[in-house]
Amino acid sequence: MGSQSDLAIMNEAAKILESLAIPYEISIVSAHRTPDKMFDYASSAVSRGLKVIIAGAGGAAHLPGMTASLTPLPVIGVPIKSSNSIDGWDSVLSILQMPNGVPVATVALNAAQNAGILAAQIIGAFDAEVLKRVADFKEKLKEKVEKGNSDLQSGKA
Amino acid sequence: MGSQSDLAIMNEAAKILESLAIPYEISIVSAHRTPDKMFDYASSAVSRGLKVIIAGAGGAAHLPGMTASLTPLPVIGVPIKSSNSIDGWDSVLSILQMPNGVPVATVALNAAQNAGILAAQIIGAFDAEVLKRVADFKEKLKEKVEKGNSDLQSGKA
Amino acid sequence: MGSQSDLAIMNEAAKILESLAIPYEISIVSAHRTPDKMFDYASSAVSRGLKVIIAGAGGAAHLPGMTASLTPLPVIGVPIKSSNSIDGWDSVLSILQMPNGVPVATVALNAAQNAGILAAQIIGAFDAEVLKRVADFKEKLKEKVEKGNSDLQSGKA
Amino acid sequence: MGSQSDLAIMNEAAKILESLAIPYEISIVSAHRTPDKMFDYASSAVSRGLKVIIAGAGGAAHLPGMTASLTPLPVIGVPIKSSNSIDGWDSVLSILQMPNGVPVATVALNAAQNAGILAAQIIGAFDAEVLKRVADFKEKLKEKVEKGNSDLQSGKA
Amino acid sequence: MGSQSDLAIMNEAAKILESLAIPYEISIVSAHRTPDKMFDYASSAVSRGLKVIIAGAGGAAHLPGMTASLTPLPVIGVPIKSSNSIDGWDSVLSILQMPNGVPVATVALNAAQNAGILAAQIIGAFDAEVLKRVADFKEKLKEKVEKGNSDLQSGKA
Amino acid sequence: MGSQSDLAIMNEAAKILESLAIPYEISIVSAHRTPDKMFDYASSAVSRGLKVIIAGAGGAAHLPGMTASLTPLPVIGVPIKSSNSIDGWDSVLSILQMPNGVPVATVALNAAQNAGILAAQIIGAFDAEVLKRVADFKEKLKEKVEKGNSDLQSGKA
Amino acid sequence: MGSQSDLAIMNEAAKILESLAIPYEISIVSAHRTPDKMFDYASSAVSRGLKVIIAGAGGAAHLPGMTASLTPLPVIGVPIKSSNSIDGWDSVLSILQMPNGVPVATVALNAAQNAGILAAQIIGAFDAEVLKRVADFKEKLKEKVEKGNSDLQSGKA
Amino acid sequence: MGSQSDLAIMNEAAKILESLAIPYEISIVSAHRTPDKMFDYASSAVSRGLKVIIAGAGGAAHLPGMTASLTPLPVIGVPIKSSNSIDGWDSVLSILQMPNGVPVATVALNAAQNAGILAAQIIGAFDAEVLKRVADFKEKLKEKVEKGNSDLQSGKA
């Protein structure tokens, strides 16, 4: 993530990865304040054995796109609605609208949990065990919705 | 893709996958006009051996999100600026703003080529050969920019 | 509705239908989390004797449009401004901008009461008793405005 | 419709109603230029036997909402992207964002065909014959998509 | 104004008119809930001796434009950011984007005070005494800014 | 108007004033390129006998607001969609969103004709002859709409 | 700055200039309420020895652009999200979208600190001592990010 | 600039710098395709004697912000409306909304000429000769407006 202030949001990615038993590392690397570190981090990602990178940032959010420019690995971008953001449009468009050749897999505003799930899905495409965990997680969401509906029908909601 | 009219855009995904030697299938499946077929297509994707799904659609674009709700595989969404679109905002937001639990890896407006590259990157995360092809592709983009700059410096541009 | 969190908003539809003495059922059915249930719900609507369906959802709101794709009945869509929505634009555009052939009768952001009234108007088009109730309801709104004006003129407001 | 210039768009509603064998009348009535006529038209709609009203207008589009304020019948609004419109946002918001008590069933920008289909669905809710025609129409859309896909698979597209 | 809930905002127009000694009347008249009364109010404005009409409304705000369609007098529109407004864009565009022939003199979002000042300026164009009061009011604004600056320079701010 | 390129749009104001027999002058005065001339023009408007000022400009359009800051006369602003405008939003917001104390009577994007009509309405508020011309003009608009409708009904449209 | 209410935001510019040891003056000058003073202030800036002007304003923010029209010095504009702003878009577009010939160096919404840093960078381009202070400031930002990351890694964050 | 396709726009900066006799160099350096070159270019700018950098890019435009993160020199950003841009909003927000500590002096959409003028103004703040050229350029703009007005008054326009 680009800033310590993004931690509250980005922790959701960590939590879901943990619950899906996917090993991960988490770092604060700023495209604008520590560009050298960002270069090293992204350029060395393949050799360090990373499979997917999740990058979250707010405002003129350059971290996801710059990371994508420095590695052939898939990069997932989380637009964060920071203070003084223009309603989140700035981070959404700064991450989504990448030029041909350098895609960022963008998820919804503040949707760090979804970034974690997407990372698990990418890994799961080649790891049947992880794929099953993702399917199980989706099954639990389904049960929660059905529970909510049962409560509603029985007048508990 | 959701409609025959999306073919001109979505062909770019096919072309880049071909150039990266990634096998693929291409279909027209409409969330709103052939919902049963969409259900079958998405639900059977894992068992048919697909690894990644690219879904492109315009306007109130539900194909990517509905596909994602029906498979644990990673789904890449391509917002398409169709006629009568409100400047493309409708397809961008319909694809990007998915709820917790069901991410769509969204790329830029009309960026089918990037969807293809992202699919290759996802496969490349677990296939060193494909990863190398992605890295080579990026190298060629770099050379093209440098060639453009050389032409500019030598007065050819 | 698509989620238990939509209940506070969607209850307004239930309340107005009750006050207009229109029988109704209310369920939580998620396009993205319980797609099978949504399919069953919408596909069986005609045979179960429903006349109109009201579907409310937030973010990338696919429930109204997917329901409309699965039934020939009129579907009323309520865009809901959920947390992390981009100011409600996402749900408005995801519901409104449906492709040719599959309309959703969209009402204003969070306007579940209006969805209930519209449902009553649709039924009222073929049921003189219900039409009268709608007309009476509008008469009461008028009186309320006139009462507000009287208070203002007499210095009570 | 509010202006002669809306005819090209609004004719799509007439055409689909014709193809679904729904009798209709078509008029130019301007909220801003012929307000008296609009009042008479909307106020007398029930007594003249109308069941649904489709109102299309561009810019600060008041025709659908004002019609809805003058009749208990369901009113379908078609936002039209007129010249000097601000990208269609003006007509969309002027029609959609109606206050509590006076809904307009809004369809997508320029989607007059969908307005006609929605009118047929409303009538079909109480007329099994019309409902069947709507279902048949949707079936044809499905076949068209499947034909498009067949062409694509066989290399004709 | 269109609703009792607009009173807090619209009172600012009353206050400034009072302070500029311009006689006025204030009423709640809803385009959508009391359309007949709106018709009478606007149609009789010239004969009742009104010179300018200020109309404020939120959401799909039709009161200013409909009033303008029913009188040759100048109509000033105040867009109001009501609850469930889409950030005020709905009322701004519903009031501003009037078609050729029927202008509304639109002021800023919630700017009822400015509507009062504009009304005074319109009257002042033909009444030297009122024009002087407007000029004096502007002079006071100037002095207030200069006082603020003096405080800042002297360390009081 | 602020630039020679605005002439095509702003001429519509001149034409309608001519047709309503309102004497007027027309000038190019740029807030940003000829600020001194703008100051002189606006500051001397009252003493030169002007009653209303129409100011049209595009982009970051400061001419209407600055003119309003320099005269107690009513100022009508015409937002113009210039090349490189961001869809006209820049000129609309730069003209509309004036601070308390300094209103600009804003009309729709490119609506110079409406600016002319509004100017006539302002003059007409105190000149029965002009008011009658405005009413006659509106009557003609009405007839044109009714003629359009007759043509439609008789199959000529 | 244009108003006393902008002081809380604009003080950030003063603070950073102080910390970078750049001498400055701070004034409230309103384009709309004290236009004469604005003229004098901007026109005399070169002769008074100013090198850069920072102008912050909200809503239809004309202060930065008008200042730029009256001096050949570089002008930095700070869009301020004032009350009744339309999400800050009004001030952003009013300051950014200046016509050819009269640029304003616009910074992010409410980013008065960045305006101060940009002013220091402009001075630093020709003053090695100031440039060093800017570089040192950036170095401190870097250290702060790295400290945040260390805390995160060691479990303190 | 970030791409050869930006040359048509960015050439305007070169032309105005030439006409103001400011020496400059022009290069194509892509943040996303040639990140290493961008790092070298920006990091070495001070030591190579550059005083100001103009960076233009479209879409998710990261070149201006990344350049600013790598040099203490002032960086001017030109948002470019590229094909598949979402109306230019993406490049505007990606360049403008920089975080605290790393400003980019943003000019209007496609306004490369203004970027050149702003660069000249920055240099002119410390070079009386250049400042005079800027003042003369502005004088010529004024004369052009006045000529346009003369033509209009004499009926030539």
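Brief remarks on what is shown
Residue numbering begins at 1 within each chain, and the chains themselves are lettered A, B, C, D, E, F, G and H in the order written.
By our rule, a residue touches a chain if its C-beta (ideal position, glycine included) is under 8 Å from a C-beta of that chain, and two chains touch if they have at least 3 such contacts.
All of these numbers come straight from a predicted model, not from anything done at the bench.
Under the contact definition stated at the top, the chains bordering both subunit C and subunit H are A, B. Common neighbours of subunit B and subunit F, by the contact definition above: D, H.
Two copies of one chain, subunit D and subunit F, form a contact in which under half of the residue numbers belong to both partners.
Averaged C-alpha coordinates give centres for subunit F and subunit H that are 34 Å from one another.
For subunit E, the set of residues that touch two or more other chains comprises 3, 33, 59-60, 86-87, 89, 92, 96-99, 101-102, 104, 108-109, 111, 138, 141. Chains touching one another form the pairs A-B, A-C, A-G, A-H, B-C, B-D, B-H, C-D, C-E, D-E, D-F, E-F, E-G, F-G, F-H, G-H.
Against subunit B, in their complex, subunit H makes its touches with residues 3-4, 7, 26-30, 33-34, 37, 59-60, 84, 86-87. Against subunit H, the residues of subunit B that register as touching in their complex are 81, 87-89, 92, 108-111, 138, 141-142, 144-146, 148-149, 151-153, 157. Note for the complex: subunit A touches subunit H at residues 2-3, 31-33, 35, 39, 58-60, 62, 65-66, 68-70, 85-86, 89-90, 93-99, 101-102, 104. Residues 46, 51-52, 72-74, 76, 92, 96-109, 111, 113-115, 117-118, 121-126, 131, 134-135, 137-138, 141 of subunit B are the ones that touch subunit A when the two sit in their complex.
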